[in-house]
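The data blocks that follow each hold one structure.
In the two assemblies presented below, chain A is common to both, partnered first by chain B and then by chain C.
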Partner chain A sequence: MTSADLAAELRAVLPTDCVLSQDEELRPYECDGLPVFRQRPALVVLPRDAQQVRQVLLTCNRLKVPVVARGSGTGLSGGATPHAHGVLLSCARMNRILAIDPKGRTARLEPGVPNLRVSEAAAVHGLYYAPDPSSQVACSIGGNVAENSGGVHCLKYGLTVHNVLGVRGFTMDGAALELGGCVADGPGLDLLALTIGSEGLLMVVTEVTVKLLPRPPCVRLVMASFAEVHHAADAVAAVIAAGIIPAAMEMMDRKATAAVEPFVQAGYDLSAAAILLVEADGTDEEVAEQVAEIEAVLRKCGASTLRVASSAAERALFWSGRKNAFPAAGRLAPDYYCMDGTIPRRHVGKVLDAIAAMELRYGLSCMNVFHAGDGNLHPVILFDANETGSWERADRFGAEILELCVQLGGTITGEHGVGVEKLNSMCVQFSSAERAAFEAVKEAFDPAGLLNPGKVIPTLARCAEYGRMRVHGGALPHADLPRF
Partner chain B sequence: MTSADLAAELRAVLPTDCVLSQDEELRPYECDGLPVFRQRPALVVLPRDAQQVRQVLLTCNRLKVPVVARGSGTGLSGGATPHAHGVLLSCARMNRILAIDPKGRTARLEPGVPNLRVSEAAAVHGLYYAPDPSSQVACSIGGNVAENSGGVHCLKYGLTVHNVLGVRGFTMDGAALELGGCVADGPGLDLLALTIGSEGLLMVVTEVTVKLLPRPPCVRLVMASFAEVHHAADAVAAVIAAGIIPAAMEMMDRKATAAVEPFVQAGYDLSAAAILLVEADGTDEEVAEQVAEIEAVLRKCGASTLRVASSAAERALFWSGRKNAFPAAGRLAPDYYCMDGTIPRRHVGKVLDAIAAMELRYGLSCMNVFHAGDGNLHPVILFDANETGSWERADRFGAEILELCVQLGGTITGEHGVGVEKLNSMCVQFSSAERAAFEAVKEAFDPAGLLNPGKVIPTLARCAEYGRMRVHGGALPHADLPRF
Partner chain C sequence: MTAPLNAVPADLRERVLAANAQRQPLRLRGAGTKDFYGEALDGEILDVTAWRGLITYDPSELVITARCGTALSEIEGALADCGQFLAFEPPRFGADASIGGVIAAGLSGPRRPYAGAARDFVLGATLLDASGNLLRFGGQVMKNVAGFDVSRLLCGSLGILGIITEVSLKVLPLPRAQSTLRLELSAADAIEAFNRWAGSPVPLSGAAWSQGCAWVRLSGAPAAVRAARERLGGEAIEAADANAFWNGLRDCRLPLLQRDVVWRLSIPSATPPLDLPGESVIDWGGALRWYADPPRDHDLRALAVVAGGTAMCWRGAAPAGRFHPLPSAVATLHARLKQRFDPHGIFNPSRLIVGL
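Moving on to the complex of A and B:
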């Protein structure tokens, strides 16, 4: 059916201003935070509440029209890349904080609420929402749920899945599901955990209940410089090995600090091969004790200089450099490609060496920023999309990094999701039996395959075409089971 | 087909001693830890490794014979109750600790390894496995995965799902799945979390990789007496509200302490209406600080006496009473029925009042033991199976408690699972759309419905027959979406 017919069908069930169909109205929705993948949707809808979402789904299900749900479009794996013949469902207008329960320490939110707004609204009660993606000013709770987003403080406080208590939403056929609750565990299959990180494949979430935490009375940030990247990497493992779980433990290499320092002026040591940002939070006593332990370990591992932020303002400044590292890459090259692999912590140094070798092989520069504490790498590959073959090389460079992560017992994504970007890498991470299980679960929720089609789960044909052998999933060491 | 034919088929693919078919050999497998449900299986198989498990599944799948997997049989919801025409697959012989990685802090285990053995084996590295069901001496890791088991320390350290990094196993058709890994998050749908707590409906797990934690250098246990059960309940909420997350916070009412004290001699205050056991762990400084805070809050809430265990031995003694509370019920009545509802903490007092009223109505006594910190109740209903109608009354009593939990925003099971026991209550907890989603996911893994059939997910017919209205799922407060 034509876009015009589809628009007419949707305008019959939604207020007119909820349906965008003009070319210039659609253009802003062509891509999410991974602009190398672009597609104009047939239509964009902007529902204001759950019932309007349901009407969109019922209509599209009847007409067999694909639906791609989108939060703020800050995703980095093309999870919200539109479908050419589909409806892009933006949750931007569903941005109300429905309730905050300070006694129960929960917040009930519409999916379009920006991540940071939750903590701002909870602040009067001395509470906050822990997961803090770098994009937290813009990214939405609904998008966080779809991608199981992380952030610099997930080392201590967990990913989105550890901080969401329940969701409500609709499957493609309009059936209402209420998953999870306000108490630990729940009966039956854990469909809540299944939905979190499902990248819009299973249902459209219309309400999210999150856990709020008491703001720690004391927070201190230690910044350490290292003359050798390996020493910084070893220090990360050493801190954890010492039984310390910092609130955050981030690493930036010299390329990253050099890119960000000039405009953030965070006071990063540009002579250092790498810096670590290690944060402790808790009571004054706990923090004092932990900072002392952290400093001792870092020194032992060869930290050349150590600085503790002397004020909240300085702490914010130290962090701002880290949080602006990706955009700062724009100063080094016209385009950048941010990867998101995970590895067991002990392999950080090994992977950095391998990436350095790949830089030469692909003729592209790569700066490294990562959630070192939980082994989540964010290599940022610098390229120039206008230069022929540059993106292709960046793409292969990225894929090689991810395959190395899998070989070392890690995964192809820590917090950015698979989307369209990592479909090939999924062939490397998972066996055909495992991909078949994903497919079967997808079909259980969405038999017609209309929700965010073509994302996350690669077809068998695609994997055959990609042709890489599946290396050991790395999930568990020493594979000793045959694969079928 | 006859049991004899089935035995012949299985003996063709397994060593003879792995197949039990004699009546006296089958009898011990008639029930798990909920003996009111009993069923002799057609056969019992005792595979020694993953490949033998796969052979059993391939054979049973070909012959369309149901398979019920079983760990140590300590489950309390009839999750391992055999199928009359099916094979009971015991993992008892798959009890090897395959690897302990002290640097990575993981242990790779066969499913039959008893929970406590993991911590014993990790002790030489100063590590332990956190989830500690009361049955931890006997219950197996595989059973813990199936039930997403908890324990007294789950308040601070989480349930099984928070402590398992990966599993390996086979679906009914013999396909090998490797789910999760040794790094945070994973790409694609979270089938690991889906499998944990799936009560044997989706796959048979043949290997489990768990997270190990450093044993805290200091642990202290505070025992507090309260003249009023309500004061104890309020104290629980007050401790959490004060921003303290104890390692454990358990409550026992007078009936429970009176039952257990005579043979454990834990030194419980039998004059108290209820006692709380509150444990703090961490460094000496942290614990000293937290114990002081806890004592202050408990006093403020009306604790009459406070005792801090003066030694590890005394601490173990205080706990032993709690951990033996269920068997101790045997001193009060010939039979007992342990419930497992969850509620938001603030309602603990309200539920205890309601239970007291039910005791009169059903003419049965109920002692109360619970993981108060996370609102997980374990009312233990006392009855006499030999007295006509006694079990039926206990069953209705239990169901009414669970329905009250749902009404208050809780759930029908915190850690014991649904099994066969709570099928009716599932009709109350979930809408038909939600039960349909469970069913669809079950079919995605096991289209023929051969794995642990008849458990966890009630049929529509059964719910219709049970006839209870679905009360609000309670997962999220203030339901404002219509149900379809």
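Moving on to the complex of A and C:
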């Protein structure tokens, strides 16, 4: 079927302005937040409501045309990379906040609502939506559901899966699904948990109900410098071991602070090998208590300087460097590649050492920012795509970091998703039987395989090919490290 | 990474393979403390309690990994020794309840609305499927979005997809301070107050109503608990009495929850008391309503649906199934998932859904 025929079919069920087919109209959709993967879709549709979404799905299902759903396109794993012969379904026009229930503390949202707007709308009731990915100004709730997005406050408040109460939407065949609701539990299998983080492979979500929390009246941020990265890593474990669950606990290494400081002038200690940002929230009394404890633990672990943000403005300033770390990478190199592995916290120091060794081996520099409290690393590999072989080296460097994460009992992605980016690494983390189980889940929801095909689950052939490339003589790298 | 084949005893795998070859249904069983729970108990008993023991527990990682047959009491003991606990407060219907059963049932106690449900604390699980494959999903880390979240799917699956041989759970430090208040309130006023407090910075860890009294548990930093106690008022309850109440609620040992017929309704927390004669207990800040011996002419399922929730017949003869019926599109997905994970239907047939 040609794009023109497909456009005609879709214009028969949608208002004309909801179907984009001109080359220049399609171009903005050819990539998401990971622009190394680019693909022009056959068409873009911009439905305004759930029934229009259903019409798109019914039409595409009948014509056997793939559909890729997209929120704001801020994803970092190529999960919304279009399909060459498929329809890209943008939820951008479905951006209404349908209801806020201050008493029951829930919000009902269309999928295109930007994350931050939920908290802004709930603020008048003293409530907010907890998950706060760095891209929260732009990223959409629908995208958050697809990716099970995190943020800097996951340690205390959880991921999207812990904060979404229900979704409505459709499977590829147009069947309406309602999973969860404004309730704590329901009968049957937990399909809501299965759907959250399914990267658009199982259903298209047209409505999301989220849980709202009371805004803590007091928030304070402690910033600590460490002369050794290992001391900072140990301090993270020591805070947890002391029975403290901070609202957030983030680490930046010297390369990262050096990259952002000229930008944001947050007053980061550039002589420190690493800094920690530890946030406490709650009532005035409990925050005062917790900050004193946090300071004591950090000092004991060798913090050279400690600063507590004295005002909301200063707190925002301390955070600004962390939140702008990725864009600041652009100062250091023409291109950067952000990784997203998670490891058990106790291995943070070991992984940083290994990354330092890889920098020399690949001839590329890497700065490290991460959600230290969760063991979620974001190494940012710097490269220059115009230099021959540079991207390939960055890609290999990243894959090696992820393999190390898996060997240490961790995972290839903590919050960015698999998308197309980590298909090879999925072969490392999961056996063929486990990947077959993922296929089984996919088939149960989408027997024809038309929703976001080619993402998340690598084919058998791809893994075989990757295995041949990676493993020489049956020896994995880092054979000396303990396996789990 | 795939679990090594020796991560499950050979006889367990052989029983599964043989049952699969002969189309012989198996009834997966830990200590059997939840034999009362579910639709049907069909098949030959497969006792998994021999597959027990903690695998890893490092308090500073906030993660515990254990084999399915491990007693919940052993896990709670190990955690308590290090000042930690399972914050979802799984109900204990007997002294030997196993962690496999806890996760397969997916039930949570009074702390659920404030700390999260069983599934919120599942970080990873290993599944022995009908073909004898050992499949590892999730892991031992807080954040993990690689592949579909099958480990959370297994939580509450009542074993219909296979044997959960290992689980990794997130654990939390025990609260520094805890205090229980009792206030004389009507059910309607209690529900209103629970929801109001939950929308303000009060360190709630339990909010229930029984026999004309609201019970409120506060947990957290000593200063926060102290401040909230002053703000909420009511009568401070001695720790022993408070524990007796919360454990009675958690383990369904309150007298009302032991009656012949008990219904469990999961509805939006701010729903006013339902128009239903008879006695009730309210938990989860209003989101969970227990009704004992409701009059026969009242349709609790319909009442729950009107309120925006569902109803489960917890004890007593269940008309048309114990669990609330599933919408047809959702039921179809259940059938397809079951078909793909357990094509010959050997695992706990009809336990979760009649005929599945």
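Here is the rule we use: the second predicted complex is superposed on the first by the 467 of 484 C-alpha atoms of A that agree within 3 Å, B and C clash if a C-alpha of one lies under 4 Å from a C-alpha of the other, contacts with A are read in each partner's own complex, and residues count from 1 in each chain.
By definition in this document, a residue touches a chain if its C-beta (ideal position, glycine included) is under 8 Å from a C-beta of that chain, and two chains touch if they have at least 3 such contacts.
Just so you know, these numbers come straight off a predicted model, no measurement behind them.
Colleague: Using the overlay on chain A, decide if chain B and chain C clash or can fit next to each other.
Modeller: Aligned on chain A, chain C clashes with chain B.
Colleague: Applying the touch criterion given at the start, work out whether A:V260 contacts chain B, chain C, both or neither, answering first, second, both or neither.
Modeller: After superposition on chain A, A:V260 lies in contact with neither partner.
Colleague: Figure out whether A:E207 sits in contact with chain B (first) or chain C (second), or with both, or with neither.
Modeller: A:E207: touches chain B, not chain C.
Colleague: Of the partners chain B and chain C, which touch A:I196 in the superposed model: first, second, both, neither?
Modeller: both
Colleague: Taking the superposition on A as described, I'd like to know which of chain B and chain C A:A303 touches: first, second, both or neither.
Modeller: It touches nothing on chain B or chain C.
Colleague: Give one of first, second, both or neither to describe whether A:A50 is in contact with chain B, with chain C, with both, or with none.
Modeller: In the superposed model, A:A50 contacts chain B only, not chain C.
Colleague: Of the partners chain B and chain C, which touch A:H125 in the superposed model: first, second, both, neither?
Modeller: After superposing on A, A:H125 lies in contact with chain C but is clear of chain B.
Colleague: Which of the two partners, first being chain B and second being chain C, lies in contact with A:C427: first, second, both, or neither?
Modeller: Neither: A:C427 stays clear of chain B and chain C.
Colleague: For A:V222 in the superposed arrangement: first (chain B), second (chain C), both or neither?
Modeller: neither
Colleague: Residues on chain A in contact with chain B in one complex and with chain C in the other?
Modeller: Chain A residues touching both partners: 101, 103-104, 148, 150, 154, 159, 161-162, 171, 175-179, 181-191, 193-194, 196-198, 201-202, 214, 241, 243, 283, 285-286, 289, 342-344, 346, 374-376, 409-415, 417-418, 422, 425-426, 429-431, 433-434, 437-438, 440-445, 456-457, 483-484.
Colleague: Contact residues on chain A for chain C in the complex?
Modeller: Interface residues on chain A, with respect to chain C: 101-106, 125-127, 147-148, 150, 154-155, 158-159, 161-162, 171, 175-179, 181-191, 193-194, 196-198, 201-202, 214-217, 237-238, 240-241, 243-245, 282-283, 285-286, 288-290, 342-346, 371, 373-376, 406-407, 409-418, 422, 425-426, 429-431, 433-435, 437-438, 440-445, 447, 456-457, 483-484.
Colleague: What does chain C use to touch chain A in their complex?
Modeller: 1-2, 58-63, 83, 106, 108, 112-113, 116-117, 119-120, 127, 129, 131, 133, 135-137, 139-150, 152-153, 155-157, 160, 172-174, 176, 195-196, 198-201, 203, 220-224, 226-228, 266-270, 284, 287-288, 308-310, 312, 323-327, 329-334, 336-337, 339-341, 352-353
Colleague: Which residues of chain B touch chain A in the complex?
Modeller: It comes out as residues 50-51, 99, 101, 103-104, 108, 148, 150, 154, 159, 161-162, 166, 168, 171, 174-191, 193-194, 196-198, 201-202, 206-207, 209, 214, 241, 243, 283, 285-286, 289, 342-344, 346, 374-376, 409-415, 417-418, 422, 425-426, 429-431, 433-434, 436-438, 440-445, 456-457, 473-479, 481-484.
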